[in-house]
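Here it is, the structure, as structure tokens.
All chains are identified by letter, namely A, B, C, D and E, in their written order; residue positions are counted from 1 within each chain.
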Amino acid sequence: MRSRLSHVGRRLAGAVGTVLLVSVVVFFLLQLAPGNAADIVVGEDATPQQLDIARAQLGLDRPLIVQYLNWLGGVVHGDFGDSLFTRRSVATGLWEAAPATLSITLLALLLAAVFGVAAGAAAGLGRETWVDRVVSLLATLGIAMPSFWVGLVLVSLFAFKLKWFPATGYAPISDGIGPWLSHIVLPCVALALALSAEVARQARGGVVDVMAKPYMLAARARGANGGWLVRRHVLRNAAIPVVTVFGLQAATLLGGVVVVEQVFAIPGLGSVAIAAVLRHDYPVVQAYVLMVAVVVVVINLIVDTSYGWINPKVRR
Amino acid sequence: MKSPALIQTDTVLAVDQLRLDLSGPSEQLELVQDVSFEVRAGETVALIGESGCGKSLTALAILGLLPQAVRIAGGSVVLAGEDITRASSTRLSALRGSVVGAVFQDPMSSLDPTMTVGDQIAESRRLHLGESRKTAGERAVELLDLVGISNPRARAASFPFQFSGGMQQRALIAAAVACEPRLLIADEPTTALDVTVQAEILELLEDLLGRTKMALLLVTHDLGVVAGVADRVVVMYAGQAAEQAPTDELFASPAHPYTRALLSSVPQVGRTRQPLPVIGGRVPPAGVFPDGCRFQDRCAHVVPGVCTVGPIEIRHVAVEHESRCVHASAQFGSEPSL
Amino acid sequence: MNEVVESPLLTAAALTKSFRAGRNSRGTARRYVRAVDSVSLEVGKGETIGIVGESGSGKSTLGRLLTRLLPIDSGSLLFEGADVSDLKRAQLRSFRRSVQMIHQNPYGSLDPTKTAAHAMTEPLLVHNIAKKSGLVGRAEELAERVALDPRLVQRRPDQLSGGQRQRVAIARSLSLGPAVLLADEPTSALDLSTRSEILNLLLKLQLEEGLAIVLISHDFATVSHLSHYIAVMYLGRIVEQGPADRIASSCLHPYTEALLSAVPVADPAVQRTRQRIVLRGEIPSPDAIPEGCRFRLRCPKAMAECATVDPPLLQIGGGHQVACLLHTGVQTGGIP
Amino acid sequence: SDDKKDGTSSVAPGTGKTVRWGTSTLPTTFDPATVGSATHIVYFGLIYDTLIHTDTNGVLTPMLATDWKLSSDGMSLDMTLRDGVKFQDGSTFDAKAAVSNFDYMRSDKSLVANSLAMVKSVEATGPLALKFMMSRPGGDLPGLLAGLAGMMSSPASLAAGTNATKPVGAGPFKIGTISNAKVTFTYWDGYWNAKDIVPRSVEVSFIADDAARLNALKSGQLDIAISRASQIPEAEAAGLEHFEIPAATAYAVQLNATQPGLDNPDVRRAISMAIDREGINKTLGNGICSITAQPYNDKYWAHDKTIDEKPYLKHDVAAAKALVAKNAPDLSLTILAPNITVYQHLAEVVQGDLSKIGISAKVNAIDYVDLTTRSLKGDYQMVVTLTTPGSPDPASWESKYFKLSPVSDVYLDPKIPEYLAESYLSADPKLRATAIGKATNAALEAGTNQITICVPPNTWLGAAGLTGFASNDPRHVLVK
Amino acid sequence: MTAISAPLRRPGHWIRMPVTLRRILHHRAGRFCFVFLTLLVLVAIFAPMVAPQDPYAQDLVSAMQGPSSKHWLGTDYLGRDVLSRLVYATRIAVNAPIVAVGLAVVLGLPSGLYAGYRRGRVADLMGRVADALLSIPPIVAAIAIVAAVGSGLTTTMLAIGLVFAPRLFRIVRGATLNVAEEGYVDAAESIGSSTARVVWVHCLPNVLAPLLVQISLMMGFALLAEASLSFLGLGVQLPQASWGSMLKTAAESQFQAPFAVLPTGLCLTVTILVLNTFGDVIRDVTADRKEA
């Protein structure tokens, strides 16, 4: 038990370290940017004195390291500063945008898990059959299509031709499950496509690998076959590469959502981030990148721990 | 060789003129050919030969678990009176684990890492006897005890990685014999283990065989192991059965030059720092087997025109002793010297 | 007696090496595996020292220490009287020319992207002994020495058989004219018929060139076939050591006895009369070596004292040393 | 127009359906003094009433001020304020409140202080009487007071400094919720001029992507949205309505006349001649972009008809090519454009046109903030963008841009400052237009570096059956 | 066992690459991918000769037209010939991934080899930094970098390369860790080879296979990323066209000109598909070698 706790503790410490590193990277990267936060705040018609005032207000006259530490100090307390543009708290802004993004990514994850695993397992079990070929083709295609294109095709098909779903926007879950779902279905599909394809590929590979393992031979020699074999031996073992893929793809997914949000005009984190990037709203960009990194790190932490659940060897 | 009618009632396994082909996209390779032998109840038969000679494929053929590309191209495999070359795949699954059990070379990777050892041992009882998880689980604990694992109840709930190699192999043996099969096929069960552990496992197998009427088909390349446990030996060379004899007779008077060479090339404790006899040349790989005797390129007694043409038939040397060599004759003991 | 004792080529004294556990073994994190625990060994010119022991007993680690492929934690290693235990990588070059090794796995020990000729002559290139232009000729010479068909030198390893690869590996280690050859399980991955060829080759090389050989194997038969001296390792320690014939005929340590009794003999008559000593229990995990004698938990002859005293390796005459209280009694004092 | 207003008069004030409005930018603050950009005036207008009202053509009418008069020398302005007006927090609008507004507007914190630089003092000369004293003639002041500078907010919120996020004005709508992508405004029933105010609330959604905005309209998530002219065909096909609202903005090429090559007036003229304005209007402008050499459309008060008769709009590739060959062979330029589709397309066309006359150019699409920063620093050769010469006042715009570059002190024509000074003498649009026209003409004569491509109306697309949308302003809109 | 039957090869030094290439060409899909990619490169190099028209010549009057005998694939929003622009855009499709992956290789390969071979504290630190960088989504990182240093194809691709670098680092490190366990690395050390020699002569050729697989996949991803960034307005410099930017504009007007998305979309998708398949083929082909 103690070793397990310390194991988790070590993982956590590692995660915190990673996040700190990200914060350094993010903070100093954006210092490379041309133009100065103060320029942006004061706008077109400002006088030099106004600029100086703005600089002092933003703390830009202090040494970089002090700026970083101040920022980090705030971050630790959940204060990411104020947006240079809206002058609202960055945390509030991101907090408002988070539900939309979370809804889409989580549902996309779910879709990808269900369809990707099912298709991949079917392909792996029926290796070299038509199922395998169809799934492999779709999977490669899914990875090869830019998500914004997929999104636009979905819109023209399901929003305009069939009028099943709205083309844009987001309805919070408080508006009711129906509106919420109908707004996020298309973006989720657009986002999930590439991920399902990746998951399907991994699941297929995992199943094929597992099928070739000596313990499968041993199990079959005991008389196990068909559904019994698949349920008890194949899926469980093939799950490890699939879970890994979820960890690795978490980052890609959170990146992909930026594009999808633009296509579907969803006021999520990605939209906030893009707007902030274009306006050089550094506090927002910093907070966003850091937040996404934290999410990715947490997902990987979860993936790591779920290994234990699947693979008893890591459990202790 | 024998018609089914002649098979003795206590014959558990009769392999007759088995031929296994590799069917590739372009070519057909003959991997195993003309292998015939029997295993009788309570008997231990060893299948020996160098790497790649087809031992494992023969064993897998008996289990109906050949790799996809390999198929039975001829002959029959009669397991407990049933020709499995004609059996359906469901029938085969029903036979595996209940009539025939199997243990493989690498214990670590032969256990499903995500399933407890107990569950894996219980698996065949649940499949074949329809026992509930609980009953089968109880039986698994007993089986673990039987194969000499201390504290079996706790061990049944462990995962394979928590076992040492020897314990893993014990567990696999327990799983293989869970339904009291009539035949146990052990494909190099001790190759991956230390000699001390190998001794334990062999002891365990002998012990199990003593308790039940189970027969054992032991695949190995270790002549020492053969000498210790087998009643009869089948020597394979390049996909064929080269010689077959009771163990003592084989060691005392091998009738095939290959067997002889094999026996003499074993380093022995006590006979130190002397050059060992070697068999020159290499085993011909599948696909380029020469016409005639497959050992001809490496054999000191090759007679051109005799050894090099046509298929060489198995000849009886003595009772239950046969050899695929033109020099082998019924006059026991007159084999040509090396 | 006034004979000049020729100083040994390679002298190891109290070599010790620990690893952080968790990577290879099933230890819990942050524990240490003492893979080699104060091992002393001497290798003389033209001698073969055999090292046997179960898997995980530290044979390979010892081999890697003797060839300085691993840094030594403590203890000393002398080559021709000079201490090489603390030398840095760059200073080891001349030592490397004199002490060479052959690996267990002929499939892994050759770079799959390089030809046999490259493998055999790389040492010459590294040590600036030969020019690039003359390498093919040198490779063919080397091939002759290890009885390898010279036409094979342009092949890559995946086009060679196991025995051929092992010959290439031996040729490579010979190319620098070493004084000591360390062979870590050179035949365990080979078929019976090929194994004899390689053993014969090693024997021939030793007789012709006066090589000293350290032969590591878990196969007692192989080791005793080739060795002048045999050291038996158990959990990182040498528990018995002595001339090969003495160990084979009259070993003293219960572990050696068990090991010997377990070696299968290819003779049914012998096998039937032989009594196998089956050891109790499991090999302890190397990161949790028991107090006292490390063999006591499996030892059929364990006594009460064994639980408290860790027996040192002591001379019992005729160059035979053993670490067992049955034979050395409870004595104090260090290793002689 | 009147008929549309009639259509809505049946609805009681503030009871019409919510108007869902799509935009490509969102205000970053609701404080008119610190917003720093005129593009958000639409939303500000919902909250704040200005002293003076301006229509899309720049015609001034009373709003919170009922009457104003510039002194004959132009150095002071007297203003009478409307009686009975209340701020949204219930406080009364009077001269004192106005003075405190101007104190803030002219302070260091304010970004409109620059444009109010000529105002020396603002005094309450009565409860509802205001007097502006100036340091130079202030003919442009009434116009300024119709913009950000004239937006009156409650003294209490001024004192609290909370206008940025909790604005309190005297307009018809109160601020509701502000989020990243949406701002809501709800009808305030205390508004002094409630007649014709229709929607019960207005929701402004920020959708950056043009296509996504149109998609939102098509699938009914928006009622009305700012759009690109080239999207009109698709919108019409989808049954949407489109509105063209005149605006004091212009597609323009801005040249830095201090750069080698571009310092030659003939080269600048050649560039103007190279631009295929008709082609642009047809493809990108959907035929509704009015082609003129001056940045004002013909309805706008500062528009000078005499300029239209002059040959500044000649499209003559051969002549242009000859001019370039003579004056600046091998000229190669980088065109900066905001990374918004329409400007990028525009820049591409200009690039194509330039290549026809022997000028090789690359387009560098950068974001709007960068572009502004760089252009203010004079760090550019050529910019293709939308200029806003009507804001805050044509004269101040011209005085800023009719220089060789924004960091230069040299005017294109030394007479320009004189003409512009003349435009400050009177508040009369006609007189002012004449003076500004003279400046514009002088710039054009000198080979202007502010080349107008065409003057587009704002294009809005709206749901079918929408009424009451006439002036960039949702307050009269009735959604079906 | 090994391929003992393999005939004696004629003497001469074989390096590994041609063998892999030969195996690829024996593979049906591999042959197709190879031919396709070669063609792509040729088209890129000889774009001026292949393209029927000037890709920049505008003809505002005939904008947004479907295929015709004059414009085989129609015209774009400025009346430019789509086919010619596609042909010219091939240059970017070839260039951009090379720039991106090139940078990733320059950064990731040596560090990965080092960390895999040497381990130790510096290697751990490198691993940590890679982990940190990996937790920033690639697109987000690219956007942030573009925000910092300005847009344009080269910066964008360098940004993508920077984002790929830690991925490549990990792959190389993993492969090197495996290779370093192999006997031949020990053997090379035991003959006294310098670290540099061990790494370059023995480790590098043996991590080449996974590296090539990854490079192939990353090139596909770089194309995809270019398209996504173009969509977000952070792509090529006008009037240049990339497949991504062309697809963006075409997709936006797909209601008026539904045909327009097809040629570009197909070019992009098929190329990415081919790159991915090529990666798979390399993996298969090199895995075969190991098993042999």
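Assume contacts are C-beta pairs under 8 Å (C-beta built on N, C-alpha and C of every residue); 3 or more make two chains touch, one makes a residue touch a chain.
Every value quoted in this text rests on a predicted model; they were computed, and no experiment measured them.
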Message: Centre to centre, using CA atoms, which chain is the farthest one from subunit B?
response: D
- prompt: Can you name the chain that lies farthest from subunit C, using the mean of each chain's Cα atoms as its centre?
  reply: D
- line: Larger contact count among D-E and A-B belongs to A-B
- line: dist(centroid_CA(subunit A), centroid_CA(subunit D)) in Å evaluates to 40
Message: How many angstrom lie between the centres of subunit B and subunit C, each centre taken as the mean Cα position?
response: 33
Message: I'd like the Å distance between the centres of subunit A and subunit E, where a centre is the mean of that chain's Cα atoms.
response: 23
Mean-CA-position distance for subunit E and subunit B (Å): 50
Query: Going by the touch rule set out above, which residues of subunit B reach two or more other chains?
result: 51, 161, 282
Task: Could you list the positions in subunit A whose residues touch two or more of the other chains?
output: 34, 152, 262-263, 274, 278, 280
- request: Find every residue in subunit C that makes contact with two or more other chains and list them.
  value: 161
Statement: Within the complex, subunit E is touched by subunit C residues 64, 67, 69, 89, 92-93, 96-97, 100-101, 103-105, 108-115, 119, 122-123, 126-127, 136, 151-152, 154-156, 158-162, 165, 169, 172-173, 176
- request: Would you pull the subunit A residues touching subunit D in the complex into a rising list?
  value: 34-35, 39-40, 42-47, 49-50, 53, 83, 85-88, 93, 96-97, 152, 155, 159-160, 163, 166-169, 262-265, 267, 271-272, 274-275, 278-280
- request: Under the touch definition given earlier, write down the residues of subunit E that touch subunit A in their complex.
  value: 128-129, 131-141, 143-150, 220, 224, 227-228, 231-233, 244, 247-248, 251-252, 254-255, 261, 265, 268-270, 272-273, 276-277
Contact set on subunit D toward subunit A in their complex: 26, 28-29, 35-37, 108-109, 111-115, 164-165, 178-182, 205-209, 211-213, 215-216, 218-221, 238, 339, 367-370, 372-373, 376
- prompt: Which residues of subunit A touch subunit E in the complex?
  reply: 14, 17-19, 21-22, 25-26, 29-34, 140-141, 143-149, 152, 156, 251-256, 258-259, 262-263, 273-274, 277-278, 280, 285, 288-289, 292-293, 296-297, 300
